[in-house]
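Below is one structure, written out as structure tokens; comments come after it.
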């Protein structure tokens, strides 16, 4: 099992972001995480990326507990995991090429890293990755001059350049138009399948989740509601997942649930 | 209520100004009436024919380059030292080091450059070395504090993301925090350089070389014509540094 | 438009910049004779140690403390009086130098004509000249002209700071919203009235803030000028240093720190209240 969560919980002060979550994701699996806003999708991904320490339960990555390791070993472990943030943490004055090349900082020596800061040594590699996302001509543009969707794609490019074994993506296409979102998700899935990479994505757009991912996990209020193959998710399960007593109940939900969903 | 307090404050300020004048017993009478302006005018007239002989110009030019080097290298050294102290002072290495670094920075900047120069002249002897070191020590305190504030205000997310993908501390700082920080650091450093080029002239008075030392000597020997050349050179130097600094700011600091 | 660069376009400029910096660094090191190691040499360290050990205990006999108190007051007075003079000169100068009051600019959307530039340039030039010559040079000149004592300091601060204040005031006036003043000028009001009603209200806060900040700097400047004979704490430090009276130097330095601290607090209070 590549990613193992045993009753992992997460607390921000008094708020319980995650409650006793148990998940098992094998190497090479592609999983989508869906759920209403504030359900804990981001927290779950950050937990898996070792950005946050679980306040209860156990986390195992590649068979080891990252929080039981020394700091140096944990850093080496982190180099094998790639996290795509919802808002890419890219400094506005940094050029795209440097931002993308920063993906391999975990694998380079300090000197090599510093050299790439002033002189990008692998322009071709960066260009290849950006070309797949349609941003090749933005190679030497400053990040601050890009739109939200373009920034998200640069964030994805950086993680792709990193070549991690586990790819965790937090709302990777939220700022993109539908065509671009479709294209980027397809790219991520192709990449995962071709290289045997484990892919976990949290998504708002339910139909995208069903269109690309064979396994779907539904989270609500920090708890796993369901964890089954995409075909097995029923409309009732989705209703229960996204039910919101405070909002005026409008029966019509996501406007384009194109896929027919049989019962679980 | 507010207005009353403000009016009282303004009144207090005016009273303070009046008190200052009366305390000093400024002999304005002697200054303005009674041949005072005549005396000053005569003194000023002696400056109107600067000595432009080749010899003197050469030594003034050398003095100017010395002053430029003093201020430039002093500021550069201060940038390095200030940066080194700003990292702990911004809390990057824990609380006890933060207090120690802040204390050191405050000490460095509280002592004015002239006092530092007196100390460094004692240690390093007369000459531009003492001046450079004095400027470096004082300015590192000033810049260190400004850098630390800028560091504290810089967003932590980019560096944290790099740490999260396995990068080291140095890489995270250089790739995550530095890209957005360095224009601000550059602006502060340029501003201090503009200040230091004026200060470098002053330090010459305590023997730290450059144009300042030349000015002090020529004035003490009542060689006003030579002194006025030195003053012109100082002026030109200050204007050059100000213009260069402005150009750098336009190019690199404005986004 | 979509030029695909084969290599980094910033590589060449960066390389040139590095080469230029190194080319300038070497002669710079030679000229400044930089040698920080000198501070660590054994005999120099002993000298500094001997010098600084004389600092303890700081002199605290009644006679000296009285002298110190007077010197502190003198420094404060020099700074305040100098600023007052500087304001007298700076305010009219800034009004003349600022494009904010240009009648031509009012009707041309902010761009002055040739005549207004001809008039304003010399005033700006004078202001720049006044602030570019280091104040201690002025102090030295005035000491030679009017003798030792605080008068030289007051005059030096007055001259230099009038340049600084004048230039910054002019810039502040130009940086606030010009439309109220323009409207008034076009409606036929006098320039001064337009200034008081149109510019001053929005510029006041920044002007006060900068002035108080400069007053704080003036205090430090007057100590520095005391070194060349312009009275106050600076002159005392100079005298005590010449007599190698470490204890006295220490007391004066402490007084100086206290003064700077109080000035800083006062400055922050005033800026908070008035600005």
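Each chain gets a letter, A, B and C, in the order it is written, and its residues are counted from 1.
One rule holds for everything that comes next: a residue touches a chain if its C-beta (ideal position, glycine included) is under 8 Å from a C-beta of that chain, and two chains touch if they have at least 3 such contacts.
No experiment lies behind these values; they were computed from the predicted model shown.
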Key: Chain pair with the higher count of C-beta pairs in contact (A-C, B-C)   = B-C
Ask   = When you take the mean of every protein CA atom shown, which chain's own CA mean is nearest to it?
value = B
Task = Mind checking the centre-to-centre distance between chain A and chain B? Centres are C-alpha means, answer in whole Å.
result = 50
Query = Using CA atom averages as chain centres, what separation in Å is found between chain B and chain C?
reply = 10
Remark   = Per the C-alpha centroid definition, the whole-Å distance linking chain A and chain C comes out as 54
Request  = Using the touch definition up top, name the residues of chain B that touch chain C in the complex.
outcome  = 5-6, 9-10, 16-17, 19-21, 23-24, 26-27, 30-31, 36, 39-40, 43-44, 65-66, 68-70, 72-74, 77, 110-112, 114-115, 118-120, 122-125, 127-129, 131-133, 136, 198-199, 201-202, 205-206, 215-216, 219, 231, 234-235, 238-239, 242
Residues of chain B that touch chain A when the two form their complex = 157-158, 160-168, 170-172, 174-180, 183, 255
Task = Report the residues of chain C in contact with chain B in the complex, numbered from low to high.
result = 27-36, 38-39, 41, 44-45, 47-48, 51, 73-74, 76-78, 80-81, 84, 128-129, 132-134, 136-137, 140-141, 144-146, 150-151, 154, 220, 223-224, 227-228, 237, 241, 253, 256-257, 260, 270, 273-274
Query = chain A touches which residues of chain C in the complex?
reply = 2-11, 14
Inquiry  = Touching residues of chain A toward chain C in the complex: what are they?
reply    = 95, 97, 118-120, 123, 136-137, 139-140
